[in-house]
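Structures are listed in the sections that come next.
In the two complexes below, chain A is the common chain; its partner is chain B in one and chain C in the other.
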Partner chain A sequence: MQIEHRSFNRVDLLAVAGRIDAATSPQLRQQVEALFEQGRYRLVLDLAQLEYISSPGLRVLIEARKRAREWKITDLEGGDIRIANLPPRIKEVFDLTGFTSLFEIYADVTAAVGSF
Partner chain B sequence: MDSITLTADLDALAQISAFITEAAELAGLDERATWQVQLAVDEAATNVIQHAYDPDHPGDLTLSWQSDEQRFVIVLRDYGRHFDPHNVPAPDINSSIEERQVGGLGIYLITRLMDEVRFDFNPNGGNLLTMVKYIASGPRDDVVIMPIQGRVDAVTAPQLTRDVHAQIAQGARFVLLDLQEVVFLSSSGLRALLIIRKELMTLGGELRLAALQPQVHEVFALTGFTQVFAIHPTPEEAESAFGQGRA
Partner chain C sequence: MRQHIEVPGEWASISTLLAFTDSLEACEVLSHEQCYLLRLVIEEIATNIVKYGYIEQPPGPIQVTCEYHASRLAITIRDRGRPFDPRDHPLPDFTSATAERSIGGLGLYFVCEMADDVHYHHDPTSGWNELIVTKAST
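Then we have the complex of A and B:
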């Protein structure tokens, strides 16, 4: 798994490539938590190059979104983890596990970053 | 029958994945079924690695497979703690993010991805997990193509839903709506399609849409639903995509 990080004014973008499984998911968790510790709670995950995800990776995503949403600026505005570019196989896992309706999913990075 | 035995630690996952992927291809599973087997076995092995043994003193796990014309059978054995799947609550996949629990997804995915799953425990023989994937053969008989005409709105959507339900009752699971002749789609129409899609997915099927006119496609694009639905330029492309994912 490779993670590329880009910081924008209000939003941080993590492009995750390769495989998120039990062996690699701790690395994703650490990267997300490092951003939380810097007060960065608005994240976009670009999954265009993601080949594989299993349940430990899904777990990181749920926990991270729960954490991000606890951070609020106003009642309407606050932290979140949003997703851009869901490849077919990853979407299938999202559909099976109900993640498609658990996350805000955007067709591309621009739309996802712009949604904040 | 072919098998490998490995120390049950996280380093084993890559080897297990390579082993079972090659096996599934040898057995004649198609690309999607091979991917499903790979994910199910990865989940099962992860479960053993994380829960069967003391992490500081991992024991062995053995993965073996055999196949005939119809069935690809995988057996995963470990000698660790007794695993009882009844102690793992099934995830509520319809709950909101606030209420959503984080656990139970691995076992749930295994049962969704494989056609038969059985857990056995023997105090001397350890945990035995048997997973079977059926090998698809011949053309499917559960595909139906439905041409739709005119407007899909609050007035017509209930009839569309009834028509699809009638097809489902006759065994259809893979439904293709040919929207070539549809000139208008409202939010009520969109909602009806979402519900149909979810119903088919619950039955292990798929909904695909084909040949959308530009003004209809725009409704999907504006609402972000191009990401949710499987939309194809032509009915032929939609039909050949059934069972290949992306629904």
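Then we have the complex of A and C:
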């Protein structure tokens, strides 16, 4: 798994490529937690190059979403994890698990970053 | 094609099994869906065997056999740990829209949903558990 990080004014973008499995999910968790520790709770995950995700990876996503959403500026504005460029194969996994309705999913990075 | 591997039922073996899936994927006979399922079965089921199957006894073997014939992949996982039929595991809670919902059993649910067929058998005489997961090319 490779993670590429880009920081914008209000939003952080993590482009995750390869596989998020039992071996690599701790690396993603660490990267997300490092951003939370810096007070960065608006994250976009660009999954265009993601080939595989299993249950440990999904747990990282759902726990990160929960943490991010606990950070609020107002009732209408706060943290979140949003998804961009969900590949069809990974979308099937999201559909099977109900993650499609749980996460805000955007067609591209520009739309996802602009949604905050 | 028929490939077989046996490893001890311990954490260090998971990476060995995932390397085994890498080698099968490299053969380029499996479809994308079959490759995905193969990795998922090996990761989720083998992890469960290590985590729960051998928890009350010294780690025994995990045997994985992959057979590909007439566009159909059959993955057989055998172990001698505590009997456990993944089809009997309760479904994860997908009814709640909140992030606090339970996602236990997610991996097993995946495997059962993505496979064409899942067959489990425990032989009380020998102590072997056998799980056979099949998927045809689409």
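Quick note on the criterion: the second predicted complex is superposed on the first by the 116 of 116 C-alpha atoms of A that agree within 3 Å, B and C clash if a C-alpha of one lies under 4 Å from a C-alpha of the other, contacts with A are read in each partner's own complex, and residues count from 1 in each chain.
Criterion: contacts are C-beta pairs under 8 Å (C-beta built on N, C-alpha and C of every residue); 3 or more make two chains touch, one makes a residue touch a chain.
Please read all numbers here as calculations on a predicted model, not as lab measurements.
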First, second, both or neither for A:Leu102, with chain B first and chain C second: both
Touching partner for A:Arg59 - first (chain B), second (chain C), both, neither: both
Touching partner for A:Ile73 - first (chain B), second (chain C), both, neither: neither
Touched partner set for A:Ala34, first chain B, second chain C, both or neither: neither
Superposition-derived comparison: chain B or chain C, residues of chain A touched: B
Chain A residues contacted in one complex by chain B, in the other by chain C: 21-23, 52, 54-55, 58-59, 62-63, 65-66, 69, 89, 93, 96-98, 101-102
Touch list for chain A against partner chain B, complex: 21-23, 52, 54-56, 58-59, 62-63, 65-66, 69, 86, 88-89, 91-93, 95-98, 100-103, 105-107
Residue numbers on chain A that touch chain C, as the complex places them: 19, 21-23, 52, 54-55, 58-59, 62-63, 65-66, 69, 89, 93, 96-98, 101-102
Parts of chain B lying in touch with chain A, wherever the complex brings them together: 10-11, 13-14, 35, 39, 42-43, 46, 49-50, 91, 93-98, 100, 102-103, 105-106, 108-109, 112-113, 201, 224, 226-228, 245-247
Touch list for chain C against partner chain A, complex: 14-15, 18, 32-33, 36, 39-40, 43-44, 47, 92, 94, 97, 99-100, 103, 106-107, 109-110, 113-114
